[in-house]
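You will see two complexes here that share chain A, one where it goes with chain B and one where it goes with chain C.
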Partner chain A sequence: MKELLDRAVQYKSIAVVGLAKNTGKTVTVNCLLDGLSNRGLTVGLTSTGRDGEKADVLTDLPKPPVVLPRGAVVATAGGCLGQGTARLEILASLDISNPLGEIVLARVREPGTAEISGPERTRDVQAAIDALLDWSDLVLIDGALDRIAASAPAVTEAAILATGAVLSYDLERVVESTVFSARKLLLPASVRLTPQGAGLLAAGRSGVQSRDGTVKPLPMATLIDGPVELLDYLDAQWSCLLVGGALTNELARLLAAAAQRIPGLEVVVRDGTRIFADIRQWQELERNGVSVTAAAPINLLGVSVNPVGKHGRRIPGAALVEAIAKMLPGVLVVDPLA
Partner chain B sequence: MTETKRIKAYGDALDDGAVQLSFTLPVDAGPLARAAALNLAVQMGLEHAEIAYMTPVSQGFSFFVVYGRCRHSVDLSRLQVAEAGLEEMDFFEINDYIKEHIGRKINVVAACTGTDAHTVGIDAIINMKGYKGEYGLERYPWINAWNMGSQVPNAALVAEAVRRKADAILVSQVVTQRDIHIPNLTELVEMLEAEGIRHKVVLVAGGPRISHQLAVELGYDAGFGPGTTPRQVASFIVREMVQRKLGN
Partner chain C sequence: MNFIDDASAERIGLTRIRQRLQPLSPYGRLLKSRMPVFLPGCEELVRAEWALVHGVLAARALEPAAVDAVEMRLRSLKDIRGIVRKAREGLVLEDVELFAVKRFLQLTEQLAQLLAPADWLPRRLQLPDLSRLREALAAGSNSGFYIGDSCAANLAALRREQRRLKDRLAEMRKRSRQEIEALTGRTFNHQGRLRVNKLEGELLAKVAGLPQLVLAAETFSEAEFALKPSAEMLALEEHIGRLETDISALEQQVRQKLSREVAVAGPRLLAACRRLGRIDLLLAKARLAGETGWCLPRLTGDNCIRLAEFTNPVIGEHLAAQGLSFQPLSLELGRTPVTVITGANMGGKSVTLKSVGLAVAMAQLGLLVPAREFEFSLRAFIYYSLQGEDADRGLSTFGAEIQALAAWLPHKNRHGLYLLDEPARGTNPWEGSALVRAILHWLAGGNSLTLAATHFPGVAGMPGVTHLQVAGLSAADLQTVLARGAGGTEALRNLMDYSLVPGTGAVPRDALKIAAFLGLEPEVLALAEKELGRKPWKELRE
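This part shows the complex of A and B:
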């Protein structure tokens, strides 16, 4: 954990996102809260969706509570205040709400447990982070379920990926899906992308860029379902596709099939959270020589591992950490409870 | 301090805790199966448990109905319940509300997504003829509704929503075996975020095993369960649009 904390203190906002529910996001967040406040930092916390409630709405299994250190600041729905043992003082209310009520900022007077229910939509998460940063040194975002949108560089400066035995009791399979998810987040920055192309992507629009760097926006409203007319805009000259939205299986399939005709085809997405293609489609792109890059890379601080699965059964934690670390050189892999 | 209000299951008399339970065991009906069922009921904490009914259901399986007393109670004053079903408006009120507060027709795109092939639920909400004596959304003069049917991939639903400039996206999930609906529903939310349009739409999930609380946890604006009627859904959509200023 020490090394993860050393890395964490270098950023203003960190999203803890998971491959699934019960991958130990809350435990990781608790370790960060504790470690960072011990280093004298005022930590801000919010979540995308509910966190720290006593039981899981899906499985009714008990969940670990969020444990807040003194002085930390949280952004949570008013309806959740008073659900834990921590004593909170309301500082301000934000002009954002979720289905449990208006989101308020509150400071921890007496440490203890709490239920945190933050904004649902990424746009609102951004606003909550900005507000929290007025009161804290560093903000943590606890991502809900398998949702990773909060780790986009437009939202947070860095990310931690949580994984674990809940995915499968087969160590190999946990490693495979964790490594694939991490590689998507670690997508390298495009070297070809021009400032004009980057601007187009930042606005969420799609386009094509030619070998000499000229950028042409595409007339299609979206590329998400792999519209065939897209191929009319790609050739050996216009070989760099800028995808302003999601890179799905549908789009990947279209591109892999057409790659032969478009030598040097590069697909630039905004960042790794926009990739929805599965492992098979991804490999298909690779096999056809299509390179996928990002306009903005994600700072993946590390991978946290929860070796305990759904029914309390464990897979060997040390072996899991080692296997993932071997496949992801340079990425810190930790079991926070080991 | 709110007053506590504890209740127990009701059978013949208040607080008797009487419950009825049914389940299947993977063992042939007979004295052994009966003992197993009783033992299970006792482990579940039922007092005075008795096997009211046992029947073979197929080779190697038996079905039971067990009566017993559950000593647990719930304190109603301590429960937190999330509900989407604010005040419902009727067909005419909803159309008037759209006309007055939004001033243009609203666009609704609906589908039953993933591998799920059940269309009856989403049809009940969208189709002209409607459900339980209420018109479906297609019949509303101030709503443009598109029903894409079943087994619609998330990417196709998002594409349709973008092209139709949807104000609301309605998703039905009926099959929930092995929690298959969960990753399917979160994938849709994440795709909408990736396309940068999540904050521009009202996102609603529905199905027999969808609760409002679950939907909200998954990142939806609302969830609707069994027995939902079209106007409950339409009321929610238009109020949410106005509250979030999505109508412009």
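This part shows the complex of A and C:
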């Protein structure tokens, strides 16, 4: 954990995203909150959507509450204040709302537990981070299930991935899906992408880029269903596909099948969180020599591991940490409760 | 009967003007949605309103920074009326609601200070004194909201005691853990658990034998132990819990007290909301006047409308987008109750009708009017004749027009304004012309003002009707243009003189010239000329 803290203090904003519910994300956040404030930092905290309830809304499993140290600042919906034991001073209200009310900034006057329910849209998360940074040294984002988008580099400087036995009691399978998720986040930056192409992607649009750097937007409304007409726009010259939306199974299947005809095919996504293809389709792409890159690479600080699965069963923590670390050189893998 | 119906408002451009009127606060927006129309009898009120807007404009010119500062704060205002209502119903407000009230008070105080030197602001719009509530909410946090120690007697002592006990409990736990860590050589994790691998049999036996520990979780390979609280720790925990109940109760009492204060200040808070809305809307009116240009309208006892150099802000906006500008419009209505405009197609007759309606509507909403001068008497209503079919109700162009007229014509004695844009053009010219003459004759007997545009012969020359004509294209212009050949609408716009001149009662015959200008087949035009029994087209061209 100390090493993770050493890395964390180098950033202004860090997203903690779970591969699933009950991957120990809240424990990781608590360890970071505690460790960072013990180092004298004022920590800011928000979540993407609702988090910090006593029991998981979906599975009804008990969840550890977020424990806020004195002086920390949170961005949470007004409707959540007073749900925990922490006593909060409301500092300001942001012009952002979620279903639980308007998001306010509040400072912890008496430490204790709290329910945090932050903004839901990526743009609002960005605004909340900016506001929190006015009052704190470093901001943590607790990312909720399927809201991995908030780990996008457009929003935070770095990300921590939480994984664990909740995915499977088979250690190999936990390792496999964790490593696959981490590799998606770790996609290399595209070398070929031109500023014009990057602009197209930033606008959420798709296009093709030629070897000499010319960019052509695509007329299709979407690529998610892997439309076969897409192949009319790709050849040895126009071999760089810019995907403004999601890289889905359907699209991956189409590209893998056509890769032979398009030497040097490169697929550029906005960032690693935009890949929704599963591990099999992903491997298919790799096997066919298609390189997948990102316009904005994500800075993956580390992976936190929760060896406890549902119903309290666990798989060997140390072995899990070791197996994931071996597959992800350079990425710090920790069990915060070891 | 409304002052103006939606269709007429849309046609004269009033809908667009309302869109461009942009208050900054929820209160201003609310007031805008209920913006009153100053009807006949409200002469003093509307004069006062124009004077206020004028005052804001003067202040803006003198001290733009001060007005900016006011506008910035108006933009930050949130709607607290729901919170005030909740408090007045006797409910206890939550922290976030008390914060919203406090923030409102801060902004209101700043606005009151900024507006204090404003000589345009009448006394009745000055913001009420809310200092008592402000003081009540001040304790605990400077600009935020917190139930501070000083908010209730004993609160500080209870919190201090709880903090002391919590520290003591934490210290006891820490000491116990340190003892066990020294005994076992293992450390507790962040959740206060001590993990032992079952393969370490000796250690496991030792740990399991420690009376301070209790087995918390177990798997086939590991066991997790937690600190077993001592009797003293349990007593401390219970004490802390009791204090928590007391503290929460005290805090709730504070919220209750503050909520009552909000309820007591309720009428003044709501008055502040209303006045802020008024001020906001006045500023918005002044901003709009700044954008469109303005004059202070003048009211007259005569039944008339005198417009000098009106620049239609809605049509002007469209023209500006094309790099063109609006030729200012001047005219006078009221010498006779009915005025008829004739003139070339594309000569701006509709624009004239719309402009008169818009100028009157803007003034009666308390807006300044973008003209050099504007003098009129307040109208009870504005009606712009409906054109175009209403397929939803199964009505043809003519049907829809007549149905609307049937509803409005009986109001001719209510000091309204009828704007009839080529009435009855959807039917045959013989009956149409007769119908228009009859309608105008009917309206000429009332006290409303009517402005009608028509191409029908025999209307402009009616007795008791004032005739205005669009100057249109001069003979010289026409020669130049025709020599050059067919042009486009843009060239036509450049040459067209849209100003109104007194008419002779006859309908000008410009339609064929305009058609030629717009490039209609010369052969067709020649045939048309023949039909009229006039000189052939070619000769005219030479």
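By our rule, the second predicted complex is superposed on the first by the 337 of 338 C-alpha atoms of A that agree within 3 Å, B and C clash if a C-alpha of one lies under 4 Å from a C-alpha of the other, contacts with A are read in each partner's own complex, and residues count from 1 in each chain.
The rule is simple: a contact is a pair of C-beta atoms (placed from the backbone, for glycine too) under 8 Å apart; a residue touches a chain by one contact, two chains touch by 3 or more.
Bear in mind the structure is a predicted one, so any value in this text is a computation, not a measurement.
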{"item": "Contacts of A:T23 with chain B and chain C, given as first, second, both or neither", "value": "neither"}
{"item": "Chain B versus chain C as contact partner of A:A92, first or second or both or neither", "value": "second"}
{"item": "Which superposed partner A:P336 touches (first chain B, second chain C, both, neither)", "value": "second"}
{"item": "Touched partner set for A:R109, first chain B, second chain C, both or neither", "value": "second"}
{"item": "Chain B versus chain C as contact partner of A:L81, first or second or both or neither", "value": "second"}
{"item": "Which of chain B and chain C A:E120 touches, first, second, both or neither", "value": "first"}
{"item": "Where chain A meets both chain C and chain B, residue numbers", "value": "79"}
{"item": "Residues of chain C that touch chain A when the two form their complex", "value": "78, 94-97, 99-100, 103, 140-141, 143-147, 159, 163, 189-191, 193, 195, 217, 219, 221-222, 244"}
{"item": "Of all residues in chain A, those that touch chain B in their complex", "value": "48-50, 57-58, 79, 98-100, 120-124, 144-149, 204, 221-222, 224-227, 244-246, 248-251, 273-274, 276"}
{"item": "Complex interface listing, chain A residues touching chain C", "value": "1, 27, 30-31, 34, 64, 78-79, 81-82, 85, 87-93, 101-102, 104, 106-107, 109-110, 308, 312-314, 316-317, 336-338"}
{"item": "Chain B residues touching chain A - in the complex, by the definition given at the top", "value": "80, 82, 84, 153-156, 158-159, 162-163, 179, 182-183, 186-187, 189-191, 193-196, 198-199, 211-214, 216-219, 221-222"}
